[in-house]
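There's a structure below that I have some questions on.
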């Protein structure tokens, strides 16, 4: 009998039970557990804190349903683009072309209606198709040609933006004209009011989009695969995930969502302007990162991005209402971004 | 006697030689080996190809020592900032504040000389010190407070840029004034000519900086540690690298290099202007990524960044000389960035 | 009573708008008006301006002074503000349509361009027929000021325009090329280098503003061409006027942002007190705050002031 | 008898390093084939080719006698070949259950599953826990733990449980017990024999000679990137096997025991 | 006799998971102490505390009788404690030589080294190759290969060679032979005995009972996050040891053999 098998003699009388999973559940440990299993809670806490602080400083000017829903309107576009950005960043990529896709799609919706004379619904469909197609090209280059996402989308950003200026001839289509001839383009700008709170359809779209994506990422196989690809692409491929298909679908979906953002944008500003959306890239990435999604992929939740976008919105409106001038606002927002994430980090640490 | 030890009986008569490392060295395998051990060779090839193509299309207009050194002058600042950016990206970080540090430092050099009346040398020293200090704060926040580099430098970007505008009061100091009273500030703008080729001191600084950093990264312990930290920070810490010290030193050095870039900037534009350098972030990151340095850290060489910066410079000037208008140039550069990296990827693949 | 006014500029990094803000602040302090100022991040960033308008409405301001980044895109928000009872005054850049604002205090940017175009043509005399012109513009998104100054210059110089709503579609062989500068020294130098590499015989340079002119001058200097090229520009800031005096810039069209801002604040005060709206300049659909050509080498047929006079009126 | 999985003339080079050098391979139906060899002999490279994880520079792979071209592990899995890689191939940030069902998630029955495509987490967690208990991995305290928080051995146990649960035609195990304790190793060996009992052939790479000689029907000795010989554990001693694989002894004629 | 490295009352929790639960530890001068226990028992967590890689929630560590607070592995290394972690702790993209000398690089003599701080690559590569040859890792074809391109076993060999080359006071090995072949494992065991011969005590974590019983002077049995008992391999059989660690048998009085 071999030694190793000899050693196994000690196993004969084994009587281990299945490990039991119950434990004392104190309040603190419950909170800790909640924070661990819902990473979006931390940015939510930061958000509530900042609303409270500005509310205390500004009173009802800020703490009214009107002002609070105004923040929602102001962040809706960055938030929609941020939702798309979240998907890409979860796969350990980055999409610098989101802003350009958004503007180009909105320009196509407008120009196809007014220059080519297409029915608005068809023009909108064309805009959505173009956005989706650009997203698909991004995905194809990333997944098939294996180029770094940063480079692919940087190049696509320039291409889409230049195409946008070239095609539109730098012309803005005025709100009055759209209102008169193609109100469908402004669909997402319509709003309804519930006791002082103003909700535009764009805001509703934003919220629904985030909820749907949160559901998909958490409760479907595709969602788990997105996380797996971002976490360790090699391991994901070895364990049976079609990483290419996932990447292509993520970028394509991102393109579609950005095209929708373009439509929402028309609703928000009323007109179709080729110079919109220039800071959508950096702002969407900021929302994603403040929301606790790791730029290295595979970690974080899209609800976090939602709260992250709102945090920036609260700071911006709050500081403006406090009367800080623009440069001071930028300076303070810079400091607050660092501060918000430091608080986030600290909460995670003490709750570990 | 145990089975495992029994198995080892087979070892008694072992006679393995030390593995020998010699091999047939064909031309192809030599090239392959060169490409593998010098990752910067691939962007160099892309660079030479693009110079050749534009040279063929444009003849001596492009292929003159004058035009080629003009490209060097045009990329020097992005290149210097890119060298700093490379260090940070090698540690798997990213520095969005490089442009802001550069401008703020140049503004301090100018304003301290002209508003506070300090001797130019002292003002320059102050500018360098401020840049270094901002870098140190970035590093401290990243290494000690463990905040994500993206967030830290995003915040710092806004802070430094706003500070720059607030402090300078958006005032430009004119070239003529600097020339008359503080020519030291324009030091890097001086130039000498060797047979049609024009070299500014700024260009020389850029080249020397890249060579020194290439040496340091390859041949000193600090350089190896930078790679190790970017590769796998946990493994680096476990195997005895002081990751915090490395991170802080990298960001601090980055701040110093950006401050130098600010000084070179004064030399290039003659004046001190708070609105310069706004695109330095994205351009420096582009150069780094085209140069083959991985955004995930730990892989790539700073010489690659050098060639990456030149590739962009060659494309920009080449396209302008071909007569593309500004919008088309912008579009084509986007396409060419993707193309350059695709060629790079392809060379790596066939040489694998 | 308490009057709050908002000032929304395109950016607050361009000295032009910084001075506009200073002018507004000074006037506001004099009239007892609380002034809050906002700005876009970059030229063309009209979304931040929309957010700023919304903030002003939420803040209960009496009026808004705005230099619009996109003259059409902003109109719907402006309408919202007017519906909420605020008076909206466009500064520097008229809205499209111009009556979307209650009033407009602006420079005629096309005229500003035209003045320097005429001056350059006059200065070259017969040589104007063989000129080699470099056009250094603002950005590829072609903001309206950029287009107006560019097209104004070409018209003034006597070049046939293509579509007057965009630059870059003219076919006149005298134009060597267009490039973009982002309105700063660095971009000015790079753009000038690019165009000089394309054609080293350039002898006229149109620049979108004075910082880009200073950058272009550095490039010319490095090519050894600084003395035989005409640089013209628009703005009339103090560094620019000083550059005219020293011969760096041949001529510049001077605008008056301080005046625009001061007039704007006065108008809001008046509106809050009496409900009266300001009247436009007779014969124009806006209140023209004027533009003057500053040069030390006057040319027959183009009215101008010299650099000393310009320095007395300059704004930053 | 026809081999169920075989390969001929596989080559794989990485730059200057040769991992596979004209390598052949045969797995017979229903057998446990052990693959032994020095560190770096190319065993992992061999099974990566067989499972579609790497594409060889040249050579052919046959499944059930038909030539196959696996271009990814998914192809191999769809063909019924399940593999535990030496690096384990798990997504560190995802939970144990997520990892076990990666690529073949269970959906809820009815509308929720078919239309909303909702995952049946409860079922997946239950099955995952059962499979782990089968392997005696009772120290895992929380089935929703991220894999990165597991101990080295626990992680390996999860990977083995995954392959055993889903393999239908061939199961490949690359050093499945390397990090496992005595108890858990024993369970894995028992499991391997169970699986063979179900008629599924197994490729087992291991450095543990007693384990190899206990369970293997045939032993493929790998040396310097190729099959050196195939021996029957009943005909040779462990010491012979080690002598072959280290090159201390000349191998027997390959045909002798290649079935 | 005083313990060279010891610990009292160590606790470490990860969220809901308890890794160490009031754990004690003692290593005597010049001995080889084996640590055995089930997967997930907390062995790796224990040695991570001892080597400064994690900071315990509570409890104390003593080196040579003096309380120490290692806040990082560097502190421990400076104090002469060298560790091979189960995850190996190597930088994948760097070369073998770079990894072996990480944090204690050799510089060229003279001006090049002292002023230009240039590394002496030739010397580092030579030494690295020698150390690997000592372990019989002769299949490594290129000393400048990136570690990520090594086979699992080769990688482990490099980590062990690194610790053996530099440990001066205590060497900790967490499953050093898990991925190694027969030959390489034997070399590592020989090496362990060599090192002990130089008077340096060793902590050896292993699941391989024959190895443990061959080289260990004492065996620390770890169970559910704490030291269950310490036994002398001469007094107990392997089967006893396994019975203790799986809980099948009650442990002897801890004091009995705790030196």
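Some notes on this structure:
Should a chain be cited, it is by its letter among A, B, C, D and E, assigned in written order, with residues numbered from 1 in that chain.
Following the convention adopted for this analysis, a residue touches a chain if its C-beta (ideal position, glycine included) is under 8 Å from a C-beta of that chain, and two chains touch if they have at least 3 such contacts.
Just so you know, these numbers come straight off a predicted model, no measurement behind them.
Think of each touching pair as a link: the shortest run of links from chain D to chain E has 1 of them. Touch-path distance (fewest steps) from chain C to chain E is 2.
Set against the Cα centre of chain E, the chain with the most distant centre is C. When chain A is fitted to chain B on its Cα atoms, the angle of the rotation, on a 0 to 180 scale and to the nearest 5, is 180 degrees. Of all chains, the one whose mean C-alpha position sits at the greatest distance from that of chain D is C.
For the pair chain A and chain D, the distance between C-alpha centroids works out to 40 Å.
Taking the mean of the C-alpha atoms as each chain's centre, chain A and chain B sit 30 Å apart. Per-chain CA centroids place chain B at a distance of 45 Å from chain D. Here the CA centre of chain A is 37 Å from the CA centre of chain C. Residue positions 12, 42, 140 of chain C each touch two or more of the other chains. Multi-chain contact residues of chain A (touching two or more other chains): 2-8, 10-11, 14, 16, 161-162, 165, 327.
Within chain D, contacts with two or more other chains are made by residues 16, 87, 139-142, 182-183, 208-210, 242, 245-246.
Chains that are in contact with each other form these pairs: A-B, A-C, A-D, A-E, B-C, B-D, B-E, D-E. Residue ranges on chain A touching chain B, taken from their complex, read 2-6, 92, 141, 145-148, 150-152, 154-159, 161-163, 165-166, 282, 285-286, 289-290, 294-296, 327-328, 330-331, 333-338, 341-342, 345. Those residues of chain C that touch chain B in the complex are listed here as 12-15, 18, 42, 137, 140, 168, 177-180, 182-186, 188-190, 193-195, 197-198, 211, 214-215, 217-218, 221-222, 239, 242-243, 246, 248, 316.
Within the complex formed with chain E, the residues of chain A that make contact are 3-4, 6-16, 23, 29, 32-33, 36, 352.
On chain D, the positions that touch chain A within their shared complex are 53, 72-74, 77, 83, 85, 87-94, 98-99, 102-105, 107, 116-119, 121, 129, 133, 136, 138-144, 162, 182-183, 186, 208, 210-211, 214.
Residues of chain A that touch chain D in their complex: 2-5, 7-8, 10-11, 14, 16-19, 21, 37, 215, 219-222, 224-225, 227-228, 231-232, 234-242, 298-299.
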